[in-house]
Structures are given as structure tokens and as C-alpha cells.
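What follows is chain A paired twice: with chain B in the first complex and chain C in the second.
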Partner chain A sequence: MKILKLPKQQLDYFASVLQQFGEVHAPVKRQGKYVFARLDRWSDAVLEYNRTILPPKKYLLPPRETMFCYRRGTGYAPASENLDRKIVLFGVHSCDIYGINILDEVFAGKYPDPYYRTRRDNLTIIGIDCTPDEHCFCRSMRADFVDHGFDLFLYDIGDYYLTFVGTARGDDMVLASKTLFEPVTREDIDEYKRRSEAKRRAFQLDVEIRDLPEIFEMEYHADIWEELGKRCLSCGSCSMVCPTCYCYDVVDEVELGSRDGRRVRCWDSCLFSSHALVAGGENFRESRASRIKFRFYHKQRGFVAEYGRPSCIGCGRCIEACPVKIDIVEVLKMLRGAEDGATA
Partner chain B sequence: MPLTQGPVPPATVLIVDDDWDFRESLGSYLKMNGLRVVQASDGREGVRLAMAERPDVIVMDIMMNERTEGLFALQSIRRTAALRDTAVIVVSSLYADAAGFSISPERAWMGQDEFIAKPVDLTRLLDSIKAHVSRRGEQVAVQERKEEA
Partner chain C sequence: MAQLLEERVSDQLPALNPYLPHAARLVRVDRMVPDNHLFTLRLLDDYYAAAFRHRPGQFVMLSVPGCGEAPISISSPPTRPGVLELCVRRAGRLTGALYRMGANDVVGIRGPYGNGFPVERIEGWNLLLVAGGLGMAPLRSLLWYALDHREQFKGITLMYGARTPGDMLFRDELKSLVDRRDISCLLTVDRDPTGSWEHHVGLLPGLFDRTQVDPATTFAAVCGPPIVYRFVLERLLALGFTKDRILMSLERRMKCGVGKCGHCSVGYKYTCIHGPIFTYWDAMNLPEMI
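Coming up: the complex of A and B.
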């Protein structure tokens, strides 16, 4: 892997050069929170942020998208709404890149989704290191460092960003920037290691996940699921903000008075009461307890069986978004019996 | 064929520059030469006015409130369907002032149609603007002929 360094004072020039590769989007502040949005001036970018409201999945799986239109007489027309839009996403945290890597496995792996694949090919990712806050537990989920999934990754080492080049496109961006990048020195490497160690020590949350699938297996009938079911509002906020929740619903929207229409897919949540409702009125997960249990089992156990790792990345968004303060770290600790009132 | 044939309106030039003196002096010079001029003092206002006024040519500075502001404004223009084909002449001293930023403006990586370094030669700039206006007129005529056919 090629490693260079970029002076911080040249970052705005670098961002300008990046515009050759697509629209530059970055975290910007809106009403006290952060969102990924298109920049129309560099000073809007906020590179020291905790987390965005929505993760980068919104660029790959839009909350609502038309898959195709159908019209009597002309037949089907595939939708290409914004599919060719090239975007450079600047300032993505390692946990969010880890989340994209998980989505890649689901949507660009064994059963590739053409819409996702096209958007993914058109998305350039420039990662940036971060400082964990009170809701971050990505280190527990092994998502505090990524070795792939980015085109470039920037690590703050003082006056410079140590820059890991992850792909050929990343290398093209470095080459297009001519003299902006400089070679790395011994002092830069030592500074990187010092800051990396400091970050490791900064995590306030820690949860052991090694034998978690087995504990989930044993605690399938634990009281905690009923207790959580009583608290959960089934609002789906946790799913919406989750970088790896990818459930969607597909509906045909038929125009009034005709048989023409469009097929649309939009975000769904396993916490919604209609999620497991099937024709005939049968609902496989009618109670809220069964739905929240399903969400935890899918993320922490089912995904491990399928892909060898949990699909939770420890970003803390669900903790922040939950209106009734259901805290995934507390739930996992209770399941492990690490805190009082643990299990049945 | 239009029903009435009125006088041809003057071509519009949008000047985007944070330097009031530069905008005013260039604006007066262009008006004296029969052009209509609108002015914006920063990139965002420039993009907004470009959408509202649909100028024939945009004269864009780069280093304004921020030193890369014009580069971002230019990209917004290039990525807006209604403005994508508008001629943009970058008039800047970026490459004289920016230490360590050695990417040649002659390469069209910024998305400009032409680069003219400051201090600007007004006669050359006027010739360039007229050339772009004339080219745009030809493009519009071709488009209209296509639509009529």
C-alpha cells in the first residue's frame, strides 16, 4: 500500500482537485448535528465530527428509488435515476467504511444488485480518522480500523494527514494532485503510532463479542426480550440510522385510471409491525418483543453464521437515535451477565 | 419562424469576483462595449445569479472569500443541467499566489472554457467574451433548427 502525507493547509486545494472525480460531499453541520451533503464551498466541510445522522448507505441504497417504470404499449423501462452520478465522499469514518464493506458483501457479493453495484462503482471514498465519543464502541466490533473499502484514508498526524492509498482510483487522485503530497518520514510514522495508541485508549465503551453468538443461542428465551419489547416503540429509528440495516420494501405504484406505473423500493425495518406480515393476514413477528429480538439476533448471531462477523459496526447511531434510550451496549452486557438484572 | 422580429437583446455577462473595484471597472468596460452585465461577489451568489439570469458568459474569479471558492462554484455550474454549457472564463491570480499548487490552469481540469491570468488584459478578455457569445449564438441556432426539423 502506498503511504504519503498531505499538508493540512493544502486540503482545500486537494478537495478542489477531487472534483474531477465527482461531486464532493462531506459532513456538514445542520442544526447541531452532522449530515453528509454536497459542498458548495470547502469551509462547510466539518472533518472533526462524531457521527452523521444517516450513514453513507444513503448514497448506495437511497431511502426511496424507482427500479423501473411500466407502460402499456411500450413495456418496461429500467430507471436510471442518478445512477451515473459520480460522488466523492470525503471524511468517512472507519466504522462507516466497515459498514459499506458489509453492504458490499450483501449487495455486491453472491447475488449482486445492479442498482447498488452501479452506485458503488461511482462512489469514491476518502476516509478520515476520528476520536471516539461516549457512544462509540467500534473497537469492540473490530471496526475502528479498516484495511480496504476506501480509495484514500487520511490519518491526522499534526500538520499533515498521513494518507493510505487504497485503490487505483485513489492513486489517480494523488497523481492528479501533483506536488500536494509528500513522502513520509520516520517522525511521521512514529506520530501515527502514538496517535493510534491514544485513540485505542480513548474508547469509553467496551463489549466482548467473541462468544456472543453462542450466548444469543443460549438466551433465546430470556426475559430481557419481553422487557425490551415493552419499551420499544417500533419506530424503526435504529434501523433507519444503522449503516448496515438494508431491509427494503418493494411496491408497485399504479397511476390512477391506468395500468401504467412504477416499481419502487424504499427502506423498511424489521421493527415495523408490517415487516413480517404476509398474504392471508399471518404475521410471523406480531409482538414488539419478537421484532426487537429478531433485530438483535440478525445482527449479532445470524450475520455471524452467514458472513463470519456481526453486522453491527459500533457507530453508536442507534443509541443516539432511540427515543426510549435502548442502548445496544447495555443489552449486550446484560445478556453476557456483566451487569445486574441480566438474564432469566 | 418567430411571429415578430424585435431587436436582438445584448448578450449577458455574469462577473463573479469578490473585488468590488475589479467588478465595477470590468462591468463598465463591458457595458461600454454593448454587453449587459450582472455581478456577484461570491461563489454561492454567482451560482444563484447564473440560474436566475442564464448569462451567455461567466467571468469567474477563484480566490474569493475562500481561496478555492471559484473552483467549487465552477463545479456547481458544470453539474447543473441548465448551466452546464455556459461558457466560463476563469480570471484569476491563483497560480501566481498559491505556493505549492502547481497544477497548470491550461489543463481544463477545473471545468473552465478558458483561463486568463490577472492582471487582466481587458481587450483580450473582451475578445474572448465576444468569441464565446458568438459560439453560443451558433449553438443556439443549430439547436433551434434541429427542434424545428
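Coming up: the complex of A and C.
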């Protein structure tokens, strides 16, 4: 991989170069939290942040998107609202890039989704490294480093960013910046290693995911699910903020006073009671306990069977978002610890 | 995943939108059973119609403009192309709107989706079809596929049970099979208020006492409400069927049909792409399956 370094004091100049590749979006501070948003000026960007409220999936799977317009007589026609918008997303953490890679597998792999793919093609990703806080467990989920999925990735090494060039588009951005980037020295590499080791030691959470699928199978009937079901409010916040929760609902909306309308898809959650409801009233996950169990099961066990790894990336967003403090790390530890969960 | 990225770059604009419903005209509505009509459709786009090939057991996503989409199994066999027959139960808003439509109205179809019955795998075996109630709808496609490829199968047996003769789907058509020699067609009703039913009366599992089934050389395809699964599976296992030669068709909520929207997932499988046909072995090992 092509590796260069970018002087930190030239970052705003580099950001101005990026504008020719699309609208520049980056984390900005809003009411004490961070969100990915379009920048009015480069100084709004916050590059040292813990996590944004919503993950980058909002750029690829918008919370609400029109798929088709339909007219009486002509039928359904594909909609393409905002599909051609080119966006450069600056400052994405490795866990979130991992999340995008997982979405790529689902939406750009078998049976590709044309809306997703067009948006993905139009999204440029510049990653940045980070320091874990008390909710981060990406290291346990093997998402603390990524080797693909970004166009550029920046590692802070003091006065410079060590820059990994991941794609040809990333290389174009480097070339468009002319002489901004410098070659890497031995000292830079040593500094990178020193910081990498410091990051490893900074993690406060650790959970073992080896043989987690087997443990999920064995604990399928454990009491812990009933207990979680009593606490869970089925609000779906964890799904909304999850970088890899991609369930969606599709509805036809009719224009007022007309028989024409649009087919819209919007975010959904397996915690909502209608998620597995079929015609005639049969609901395969009627109880709240069965739904929260399903969410954990699909992420930590189901996804492993289908894609070879859990779809959880350890970003900690669901821990922060849950109004009743259901903590995925605690749940996984309880399942693993047996005493708390295996009495059934 | 690196490969996916290259695919993305090389294939910038996916040619076909897999979610696009294709216009289909209602040719005929056959009021088979109250709240269970058979809708015959013809795809309007010649190119799409010619490309449409399905396997028995597959389903389509049916669009009723303004109401959305629902997965409906295809009741017609691939051996009789030209039209699609969908047996639709009136159960909600979308199907309610469909029931208000008539000949020449236009709906949307996309598909076919799902794995379908593994017909190549069954080739050369005896085939036992067991349907209860509305379970005949997805099995009818397989039934006619097998009869139209009669030389590919050994014995074919159909066991079908409904509550009353008036609840029996495809009643006249199935009655006409009873006297055929290339199929053993056993029809039963729980009770006969008409007094004119000429076939069996009694519960579906009772039909197992009226015929011989060799579990070592037979594939069984079962479809029906949960109670049918419970009692029929019991009989099949008691006969000595191995669990991966019992096939069943499942029903789930679906919004996409292509393994994305998440609604039809059971355990770690998506009913839309890994199913809707599962072996009993798969079904018993996936939580919430039946």
C-alpha cells in the first residue's frame, strides 16, 4: 500500500483540495455530541471525537428514501433523488469503516442494491485513527484497524498524519494536493508503532468473541433473555444508531387526492413488534424478549454463519443510546460467564 | 471484500433495478374458496415475460399500487408458462385491495425469488406431497411439475386435507386426479356438511393408514398450518423418514425478496434467499422456524 505523510498544519489546505471531489462532510459538534454534517468552513470539523450519534450508514442508506414513483397508467418508475451527490466523508473511525465494509457485503455483494451501490460509488472515505473511550470495544470485535474500505486513512503521528492510500481515488486526492505529501521516514514508522501500542493499552473494555456462536446456541433458552425483555422498551434506538443494522420497511404513499404516489423505504428495527408479523396476525417474535434475543442472535451468531464474522463492530453507540442502559458488553459477558444466564 | 470494491468500480450502473415491479394484467379471477381466490396474471413486458423462469416453490413479490408489496407463492408450474397463477388469501390491506380488482386491472410483479423445491435432487425418487388447508397453494406448482415430468419420478402420492369440501383449494382439478393411475391422489375433509363428498372423511394424518409410503426411497414435501406440521411430521418420523428428505415451505414477512430488508430472517437464514423451502433438519435447527 502507498504510504505518505501529511503535515498537520497543511490540513486546511488539503481540505480545500478535497472540494473538487465532492461536498466535504466531517464530524461537527452539536449540543455536546458529534454528528457527520456538511462543513460550512473547515474549522467546524472536529477530528478528535469519540463517536457520532448516527454512523456513516445514513449516507448510504438514508433514513427515508424514495425508491419508485408510480402513476396510474405508467406504473412504477425508479426514483433517483440525491443519488448523484458526491460526498467526501472526512474523519471516519476504523470501526465505522468496518461497518461500511459489512454493509458492502450485504448491499453490494449478492443481489446488489442499485441505490446503495450508486451512493457508495459517490462516497469518498477518509479515515482517521482515534483513542478509545469507556464504551469502545472495537478491538474485541477486530475492527480497531481496517485494511480496506477507505480511500485514505490518516494516523496521527504528532506533527504529521501518516496517510495510507487505499484506492485510486485516494491517490488522485494525493496527486491533486501536489507537493503536500511527504515520504515516510524510519522515525515516522517507529512513532506509528509506539502510538498503536498506546492505543491498544487504552481500551477499557474487552470481550472474547471466540466461540460466541456456540455459546449463543447453548444459551438460547437462558433466563437472561426474559430479563432483558422486561427492561427493553422496544424503542429501536440501538438499531437506529447501529452502523450495521440495515433492516428497512417499504411502504407505498399515495398523494393526497390522487391515485399516484411513491414507494418509500425507511429504517426499521427488529425490536418493533410488527417486524415479524405476517398476514392473518401470526407474529413469529411477539414477545419483547424474543425480539431483543433475535437482535443479539442475528448480530453475534447469525452473521457469523453467513459472513464469517459478527456484524457488531464494537463502536459503543448502542450502549450510549439505550434509555434503559442495556449494555451489549455486559450481556456478552453474562452469557459467557454462565452463572448469570444459564439457570434455565 | 476488496473484490467487491473492484466490482463496484467496474460495474458502475447496475443495469436492472431488482426492486422494480413489472406490470402484470389480471387475466382471470377464480373464486375458488371464499377469501382464497386464484388470480391469473400475464406479464405485460414481453422481454421480462420471456425471461421469467421459475422453479416450483418459488414466490413473487406482488405490488398493488398504493398498498405496497407482499410475497405470494406461485401456484402454477413452470411447465405451463405464459401466465402466472397466484392463490391469494384475503388477509389484510393489500390483499383486500387486490380482491377489489378484476380482469384487466394492472398490478406489479417482480421475481421469482427463493430457492424453490430441489427438483433435480428429487429426480428418480418417490414423491409424497402432503398439504393441509391453504398449504396446497405452494405445493400445486410442484404437483404439476412432477406430473408434467412424470418420467423423472417414481411414484407420486398426494395427500390433501381441508376442513370441508368448500374449503378445498383446486377442488375440481384435484378430484380429476383421483382416478389417474400415474398418481395416488388422496383427498380428505375433516367433515362433510354437503353430504355429497365422495372421497375420504377424517383428519389428514389418517391418510397415512390408507397407503404405503417407503421412507427409504421417498422425498416428502409438506405444507400447511402449524398443526399440520406437528401431526404430519410425527407420522413421517414414525415411518422412518430421515429429516433432510422432508421439505417444507415457510411463510414470513418480506419487504425485499433479496436478502436485504431483514424481515424474513429466522435464526441466521433469510427465508427469501435461503428458503422458503427448508428441510425439516434445517427447520428444527433454526430458532422460531415453525
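To be clear about the criterion, the second predicted complex is superposed on the first by the 332 of 344 C-alpha atoms of A that agree within 3 Å, B and C clash if a C-alpha of one lies under 4 Å from a C-alpha of the other, contacts with A are read in each partner's own complex, and residues count from 1 in each chain.
Here, a contact is a pair of C-beta atoms (placed from the backbone, for glycine too) under 8 Å apart; a residue touches a chain by one contact, two chains touch by 3 or more.
Bear in mind that the values here come from a model prediction, so they are computed numbers and not experimental data.
Aligning the shared chain A places chain B and chain C next to each other free of steric conflict. Of the two partner chains placed by superposition, only chain C is touched by A:Tyr297; chain B is not. In the superposed model, A:Ala176 makes contact with chain B only, not with chain C. Once the two complexes are laid over each other on the shared chain, residue contacts for A:Lys325 go to neither chain B nor chain C. More chain A residues lie in contact with C than with the other chain of the pair chain B and chain C. In the superposed model, A:Val17 lies in contact with chain B only, and not with chain C. Judged by the touch definition given at the top, the superposed model places A:Arg186 against neither chain B nor chain C. Once the two complexes are laid over each other on the shared chain, residue contacts for A:Arg201 go to neither chain B nor chain C. Residue contacts after overlaying the shared chain place A:Trp42 against chain B, while chain C stays out of touching range.
After the chain A superposition, the centres of chain B and chain C are separated by 120° when viewed from the C-alpha centre of chain A, nearest 10. Our summary of the superposed model lists a minimum C-alpha distance of 23 Å between chain B and chain C. On the chain A side of its complex with chain C, the touching residues are 67-68, 70, 72, 75-76, 78, 101, 104-114, 117-118, 120-121, 148-149, 167, 220, 246-252, 254, 259, 261, 263, 265, 268, 270, 275-280, 284-285, 290, 294, 297-298, 301-306. By the touch rule above, chain B contacts chain A in their complex via residues 43-44, 47, 65-69, 71-73, 75-76, 79, 98, 100-103, 109-111. The touching residues of chain A, when paired with chain B in their complex, are 7, 10, 12-13, 15-17, 19-20, 23-24, 39-43, 176-180.
Only residues 1-2, 4-5, 7-9, 12-14, 17-21, 23, 63, 65-70, 89, 91-92, 95, 106, 108, 251-253, 255-256, 258-263, 265-268, 273, 287-288 of chain C touch chain A when the two sit together in their complex.
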